[in-house]
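By written order: A, B, C and D. Residues from 1 in each chain.
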Amino acid sequence: MKPHLHLWLIPLLPLAGAAINGLLGRRFPQRVVTLVGNTFVGASCAMAWWVFARFLSLPHEMLPYVRDYAVWIRAGDFSVSYGVYLDQLSMIMVLVVTSVGFLIHIYSIGYMAHEGGYYRFFAYLNLFMFFMLTLVLANNYLVMFIGWEGVGLASYLLIGFFFLRDSAASAGKKAFIVNRIGDFGFLIALFLLIKHFGSLDFGHLFPAISKLGVENAGAGLLTAIGLLLMMGAAGKSAQLPLYVWLPDAMEGPTPVSALIHAATMVTAGVYMVARSNVIFTRAPSAMLAVAIVGCLTALFAATIGMAQTDIKKVLAYSTISQLGYMFLACGVAAFSAGIFHLMTHAFFKGLLFLGAGSVIHALNGEQDMRRMGGLRKQIPWTFWTMTAATFAIAGIFPFAGFFSKDEILWNAFASEHGSWIFWSIGLLTAFLTSFYMFRLWFLTFFGEFRGDEASTREHGHGHIHESPRVMLIPLAILAVLSVIGGWIGWPESIGGMQRFDHFLAPVFSSHAEEAAVAAAGHSKELLLAGVSVLAALLGLFFAWLLYQCRRDLPDKIASALGGLYIAVRDKYYVDEGYAAAFVQPLIKGSTYLLWRGVDAGAIDATVNESAEAAQHVSDALRHMQSGNVRSYAGWVAAGAALVIAYMVYLGVR
Amino acid sequence: MGLTVTTFVVISVIKIVIALVVLLTAVAYTTWLERKLVGHIQNRWGPKRVGPFGLLQPLADGLKFIFKEDLTPPHVYKPLYIAAPILSLALALTSISLVPIGNWVEVGGVYTPIEITDVNIGLLIILGITSLGVYGIALAGWSSNSKYSLLGGLRASAQMVSYEIALGLSLVGVLIMSGSLNLREIVDMQGGHMWAWIPRWNIFRGQIVAFFVYLAAAFAETNRVPFDLPEAESELVAGYHTEYSSMKFAMFFMAEYANMITVASIATLLFLGGWHGPLFGPWWLQNILPVFWFALKVFGFIFLYIWVRGTLPRFRYDQLMAFGWKFLFPLAVANVLVTSLIVALQK
Amino acid sequence: MVPVSYYLVLSAILFALGVVGFLIKRNLITLFMSIELMLNAVNLAFVAFAWQWKSLNGQVFVFFVMVVAAAEAAVGLAIIIAVFRTRETLNVDRVNLLKL
Amino acid sequence: MLQLVLFFVFGTIAVAAAVNLLAQRHPINSALSLVVVMASVAMLFLLMGAEFLAAIQVIVYAGAIMVLFVFVIMLLNAGEEERTAGSRVAKRLGFPAVVLLAGLLAWTLLTRNQHPATVELSGRFVGSPVAIAQLIFRDFLLPFEVTSVLILVAIMGAVVLASPAGTTTGRGSPEQPPAKREE
């Protein structure tokens, strides 16, 4: 007898909020919109925590907690139902999504207060929450796919929120289209699953798959499915080669970047891979691909991040590289590590974005770090919270980032799927990460103010100012979380007991971590951890050196590096490459072949010609219409004669 | 009935001759009667010089008609101008051949009805013939190429077609009650008495309304006062027979009176119980009496005709149409409805 | 002893005559009469068939045909009157505005 | 025997009158000849035992419809029809069609009528009013009612069409003061 957890409420509450705000919000005063938008999300957040409380007390044989509410599709013996699938993994995801989402909602109250389309913003945000929770709670791949597409839609709407700005609109389109590529893979994977297992239901699928053996020696059905799933995940989580949409997505309002493009949506891919761990652990080559893609993305994005000057772009690239970390973790079968990093990353990256937003807010929309500096004094709250976040992401002990990143690195090194190459690349990435994060930190908060006061003072409210309290409270909460959030995963090597892993253990049947741990003792793990911290501190030192004490150095280095630097600053010309490789041929082809050739040349031509023909024929026939009654009678008589003749013929025959 | 073709033909010829003679005489003396009556109504003597009570006056009129010059005005459409009066008279005389004036009689071993022929849809045929009667008047009015005649013809055709409907509908009630179109059967239905003294004539059995409608419609059908607009002297000299003279005019004249007699006989047969009446005396009297009763009733109806003519003014044309369509027609329909309802309930 | 076929042939002839009338006559009213002629021919055929099959349905159908003919005559003559009022002619060849 | 004679008499009259209808150039003559056709057709009905139909034919067709025709002819004072060039289609297409039609029909009816029934006087198959009435008011009740509606529509249409513009409102029309209902 299952207890009633009323999980359906969790996604549906935000939907109700979205409906109310989206349909009626235009007429509401701003206060009512705020109330609705936040109440429903807050309610679903509280609901999630209540469920968590109940969840902990559930006996283990009752997990995963599955419940079908209604049948959606029934075709023959294949059926899909609306239902929830709650296990430790989705529990954590729900908590993260609802909590961080709720905080960001609160933050948006202050941030969006002076923007147009206030009700629209909250409606979209609630809609996003609904779809994200649907994705997380789905009990089969198809409903998950709905959420998947839904968050894509929400992100499209929110990126293009300032749809009057051309760049925003095109960025939204770009995100949507690039995601379609990934979704294509995802869909194919689903079809394969239906074809071979006749179901998309987790509860039916995973046991069926776990019966299969591990596909060594490359190719196989599961490998194919895994690679295709990875393709979808790469699209959603902005991995190579489909990462290009994420930086442009920064066109959206900063809370959106924080919520969707840092904390939750982009991690959906990771979640999906972790959810499919049964498949991946049986398809080693697919896992290998995931790992490679992950670590390459991490390094690649990190290098680009070093040279960016737009504060949000830096954060965007760092997000990509962090996602790469998570992929790496999944690729080495350290799913729990990946999810752990996902959680901590949600904390500190969300915090970073919010802080950046607060900074931008303070400077009235200034985003270029070269025009900042010395803000430490003016906006102390933002400064301190962002400091916490920066240390966290840099992975400095004992901040949250340290634990998750260190666990990933350790697994990358020691897991049976891992190797020292992954580890070294991860280490390098860690160094770069801490370097560009501290670069951001120094450029923003230290030295003297480089922007012109006038521009900031002229529009709106006075000189540089601290954000309102409603924005600072979420910052504070997230800061605390990004300091202590990692402690639940305190590794045994440092006398902890890795509660997080043990909590997640039942989900990820293959206990790669334990194996690794058993293989290599704690001493080595401690050593590696020390190395990674050392790398982080090294990054801190270089950042201090270049951007604090010797300000002339960066330009020298840039000029010394020359082409390389420019390439990095221009993001390796990936966008241009894509444009040349795919977009232009498409446009050309559709213009000359499809439009001028097929459409105008063939289809329209046929239509027009037939119209012409009809006109000629009728022009000829027109003369039958002499308007003379008796000629009509003649025709009628002839017709009658014909009919009679035919009938007589029939009768005679 | 076992009789050979020859006897059939012979008897038919005899009957036709008798019928024609009787009818024409009746027509002639109807004119005398009319002049006499109207004279008295208008406080005159009427014809009294030719013979006792001017009884020979009709013969004198006939002679006069015959000896008058038969002039045909120019610009008339000859064939129709000539055909029209013949047509009307012929039709008028034909319809009488279906009217039974008494029981079957035994003459020289031949048992035959006292009528030229006994058809079991006689009434319908009579209606058909009377409806054809319009042509005579209409064609006369049109062919004689004079505006008076044309107007008269137009009026006549419109009026007769309109009132024909009311006429037919007024008869439907009786037909429903008797459930037959055979005049003889209809009459037989009306034999005997109700409560020992009221004769079971249709007029006494609830068809009084129908009788009134029939009366009015019949006046119109025969273009008699108060519906004599087709020949309204004061408006269009003499209506459709303005241009006619001598024998042709006489034909119209006779046709009109013959029609009166036909209509009267139909009224007698349908409403007034036909030849039914008290029978007494020896066998020959028994054979004569029904004919007498029949003749008496017809006479009474004609008397009513003349009486009305002597007293009522003429309608205006639109009044005529309104009367026919908006009053008589609905009345007849209502009568049909009520009658059929009663009959249905009695079943 | 007349074969039913004779009646049918007669009706065919009358019908054909009606069609010819419609083709050659120029007076609207006469055209209408031709139509009535055709209807009569059809009625004759109906009654003949009714006789052939000894079923009254044919006669009932003639009844309906008459009703329709009456309606048609009423409306048609009204139309003719309207046409005459506007065009001042009854010649169909002069009532031919309905052409390009 | 008598049958045959009567048939041929009335058949010839009918055909002759029909031909006359076409031959005459004055509409009124055509109308009268059409009346003759109808009368003889009614006679043929009688020969075939459709006595009720015969009477109705005379009353309705000859007595009402044709009267309407004559009335209209008189009203519009339609004169001789003028000779105008007919339509080529009618001549070149219509007439052959008619000939073909009649020929085919006659041939078919004469040669291949599988049921060679004959009409005799003695054959007591009579469309008596009662029988017809039972058919109409029982089996064909719905069509009958529908035709009544049709007639109603036709009447209204005729009134609207034929009355000059503005006088279709019936009672209040200028030249027709509302009628008195007395006497």
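The rule is simple: contacts are C-beta pairs under 8 Å (C-beta built on N, C-alpha and C of every residue); 3 or more make two chains touch, one makes a residue touch a chain.
Predicted model, so just to flag it, every value in this text is computed and none were measured.
Here C-D and B-D are compared, and the pair linked by more C-beta contacts is C-D.
Distance from per-chain Cα centroids to the pooled protein Cα centroid is smallest for C.
Averaged C-alpha coordinates put the centre of chain C at 6 Å from the centre of chain D.
Computed centre separation for the pair chain B/chain D is 27 angstrom, with centres defined by C-alpha atoms. Between chain A and chain C, the centres computed from C-alpha atoms are 82 Å apart. Distance between chain A and chain B, defined via averaged C-alpha coordinates, is recorded as 106 Å. Among the residues of chain C, those in touch with two or more other chains are 19, 23-24, 26, 93.
Of all residues in chain D, those touching 2 or more other chains are 52, 56, 64, 68, 73, 75, 86-87, 90-91, 94, 98, 101, 105, listed in ascending order.
Chain contacts: chain B has no residue touching two or more partner chains.
Those residues of chain D that touch chain B in the shared complex are 28, 32, 35, 51-52, 55-56, 58-59, 62-64, 67-68, 70-71, 73-75, 77, 128-130, 175-181, 183.
If you check the complex, the residues on chain D that touch chain A are 86-91, 93-94, 97-98, 100-101, 104-105, 108, 112. Residues of chain A touching chain D in their complex: 624, 626, 628, 630-631, 633-635, 637-638, 640-641, 644-645, 648, 651-652.
Residues 1-10, 12-21, 23-27, 29-30, 32-34, 36-37, 40, 43-44, 47-48, 50-54, 56-57, 59-60, 62-64, 66-75, 77-82, 84-85, 90-91, 93-94 of chain C are the ones that touch chain D when the two sit in their complex. Chain contact summary for the complex, chain A toward chain C: residues 622, 625-630, 633-634, 637.
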